[in-house]
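Take a look at the structures below.
Next, two complexes with chain A in common: one pairs it with chain B, the other with chain C.
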Partner chain A sequence: MITFENVSKRYLTKHALSDVNVTIPEGKIIGLVGSNGSGKSTFMKMIAGLVGPSEGKVMIDQEPVSRRTANKVAYLSELDAYYSFFSVKETIDFFASQFQDFDVEKANDIVDFMEVDSSQKVKHLSKGNRGRLKIALTLAREVPVILMDEPLSGLDPMVRDSIVKGLLSFIDLEKQTVIITTHEVTEIEPLLETVIAIRNGKVLALEDVETIRERDRMRIVDWLKKMYQEEA
Partner chain B sequence: MGEEFNPSKPIYLQLVDRISWEIIKGERKTGEKLPSVREMAIQSGVNPNTVSRTYNELERMEIVETKRGQGTFVTEQKEKLVELREQLKINHIQNFIEEMKQMGFSSEDMIEGIRTYVTNEKENQS
Partner chain C sequence: MMNWSGLLRKEFRVTRTLLLGVLTFDLLVMIGFFLASERWEFPYLTAIIGGVLTAIHVFFLPLYLLISLNTEGRNLHLWLHNPQSGARLLGAKFLNGLLAILISIGLVSSLSLLAYNIETSALELPIDNVWLFGFYFLAVIVTGSIYMGIWLIFYWTFYQVLKTYIGKWALLLVLVLVAFISWLGSWFSGTRLSEVLVEWGYVQLPSPLNMEVSQQEFGLTVSTFPFPVGNVVFDIITLVVIFLIACWLLDRKVEV
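Take a look at the complex of A and B:
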């Protein structure tokens, strides 16, 4: 279980997060939604231990986030960060050498499932296939927390579809929690069980998506707009 | 990407409706195995926990049965399916009447309308 206790983060004078208190439920696919610059990436990086809080504590299973908790979290960054001269297979082997929890067989299965040719060099992959490879590398880690920062951004509908199917095929919600940030919320709405709305570094709400449909009769996007208006 | 869902109704209930409908239309037969939770999630692009909830609800309605270690099956109790069919009929009639009322039609108008429609349809077929 991940908890934020009075967490703030300042970059010089800018508040990326201010006084965030939230407990993230386990075994769900959670959408972290908010406009650009709302603090989504900072929120994710804090769970991954890539950014430390200026104040407060981020905990995973009652343990403060640190290098030791890094083995519980797989983080898919917005950016590409691979060696372009490696082939897909070499990249998988490289990841296996870096993470003890990395399941090579699973990585190969996912790459096959998504129909990426593993003998290709990363630099020769299309943007869509690089997106697919990133997903494979993230999901192949046997960790309780999977973070995906904009996994669908800039990819065409076919690639987005195969990424969603890959995600559904290879996660295990009995053991794993997935947090996704995306601007394509409507597209992955049926995938999300819970949403966290974030604005100007503040968490506005954590809500069950089925409840939003039933009670507010709204899509997540419209619900988010409403939350933003109420807060403004 | 998966299928379209109505944003103002829980997806698990929409899946319950959809599967019930498929059973009544005979697309899913008595005793037939439903896809596993994961398969169904992938087919419909829906959260696996939502599919579990759908299966639980169908089980509560006694339309499906879960056999341990084997999966979820459409019930073999025919009377349950007859009941379901009746229920769906009533739901459709309710919706129809509700909308007709909103347009200002009386019960007599509706019955008369249906009678005329059905007669015309029969004539067109013959």
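Take a look at the complex of A and C:
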């Protein structure tokens, strides 16, 4: 279970997160939604241990998060970053050498499923295929927490569709919690079980998608707009 | 073990092109000067140029590490989202750089020695002295490069910590820190405490530069000179502490 206890993150003059208190349920696909600059990426990086809180504590299973929490968390960055000199196969082998929980067979299955050529150099892949490779590297890890920061960003509808299908096929919700940030909320809405609304570094709400649909009779985008209006 | 060898392989790939470029440069310079010395009958020219090229290697490790670290710095999360300790992440870079400097300096030294044996001169230097002098020279260059390389790792990591908070001003602050630490080191070396910490454990090491001059001849013989082991111990401890601070900063304070 992931918990944020009174977490704030300040840079010199900017507050990225302000007094966040939230407990994220296990074994669900959770959408982290909010406008640009709302603190989504900082929130994700904190769970990955790549950013530390200025105040408060971020914990996974009662243990404070640090950079080395990478052994419990698979993090997909929003950035198009990769070791360009590796081929797809070498990239998979490198990840397998670094993460004990990395399932090479599963990575190859995902790469095949997404029709990425394993022999190609990563620098020669199209942006869409690099996005697919990032997904494969993240989902091939048998970790309790999977973080995906804008996995659909900048990709065409065909690629986005294959990624959404891949998500469903390769996640084990008995053992894994997945947190996704995206601006393409409508496309991943059918996948989401829970949603967290965030604005100006503050978590506005954590709600089950089913409740939003039945109680509020809204889609997530409309619910988010309502949350923003109430906060304004 | 697998993660360490995986890291090393990756580090080698990060700087492989750079290493190949350096080795090609070494070869071209040495062959070029060997051909020039043959043409102009300039004895020991290649060995002298080899010596200069070897001396330049003192900057090899810090520059090599800077290039390697900056490659990671452009995509920090890719490097840091890894369960390995900071000591392993930085250690793999350091070891890769050390192997690279040894390969490059080994190539230049071998070619220098080869040229020294091929080129002839009226002045014949005793081979024992040449070997001993070469060994000391290489030891000074490699240890000097290691010393600067580890300080470079520390300053680079410190820069990454500051960059998150003050952006481009981080470089200025790091330069101020470099100046301050240099001043501090220079001041400390003149104190009584430094003498106590450094100047102990003298051993006699063979010196290759003992000259014997008489009316008949000028010659070099192997003599001895006093060398303080305490100095080496102090420098090793300083470098280990600096490296561990850099590892701690990388694990705890560097953010992406």
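Everything below uses one rule, namely that the second predicted complex is superposed on the first by the 230 of 232 C-alpha atoms of A that agree within 3 Å, B and C clash if a C-alpha of one lies under 4 Å from a C-alpha of the other, contacts with A are read in each partner's own complex, and residues count from 1 in each chain.
Everything that follows uses one rule, which is that contacts are C-beta pairs under 8 Å (C-beta built on N, C-alpha and C of every residue); 3 or more make two chains touch, one makes a residue touch a chain.
Bear in mind the structure is a predicted one, so any value in this text is a computation, not a measurement.
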- Quick one: chain B and chain C on chain A, clash or fit? fit
- Item | Touching partner for A:Ser77 - first (chain B), second (chain C), both, neither | second
- Based on the superposed arrangement, let me know which partner A:Val104 touches: chain B (first), chain C (second), both, or neither? neither
- Which of the two partners, first being chain B and second being chain C, lies in contact with A:Glu210: first, second, both, or neither? first
- Return first, second, both or neither, reflecting whether A:Met218 touches chain B, chain C, both chains, or no partner chain. first
- Note on the structure: In the superposed arrangement the C-alpha centres of chain B and chain C open, at the centre of chain A, an angle in degrees to the nearest 10 of 160
- Once the shared chain is lined up, is A:Pro190 touching chain B (first), chain C (second), both, or neither of them? first
- Taking the superposition as given, does A:Arg160 touch the first partner, chain B, the second, chain C, both, or neither? first
- Query: Looking at the superposed set of three chains, what is the minimum CA distance between chain B and chain C in Å?
  - Reply: 28
- Query: Which residues of chain A touch chain C in the complex?
  - Reply: 11-12, 45, 48, 50-52, 66-68, 70-71, 75, 77, 79, 81-83, 85-86, 93-94, 96-100
- Task: Provide the residue numbers of chain A that touch chain B in the complex, in ascending order.
- Result: 27-29, 157, 160-161, 164-165, 168-169, 173, 187, 189-193, 210, 213-214, 217-219, 222
- Query: Which residues, counting only chain C, touch chain A once they are in their complex?
  - Reply: 2-3, 5-7, 9-10, 13-14, 16, 74-78, 80-86, 164-166, 250-253, 255-256
- Message: Help me check something: in the complex, which residues belonging to chain B touch chain A?
- Response: 1-2, 5, 7-12, 38, 41-42, 44-50
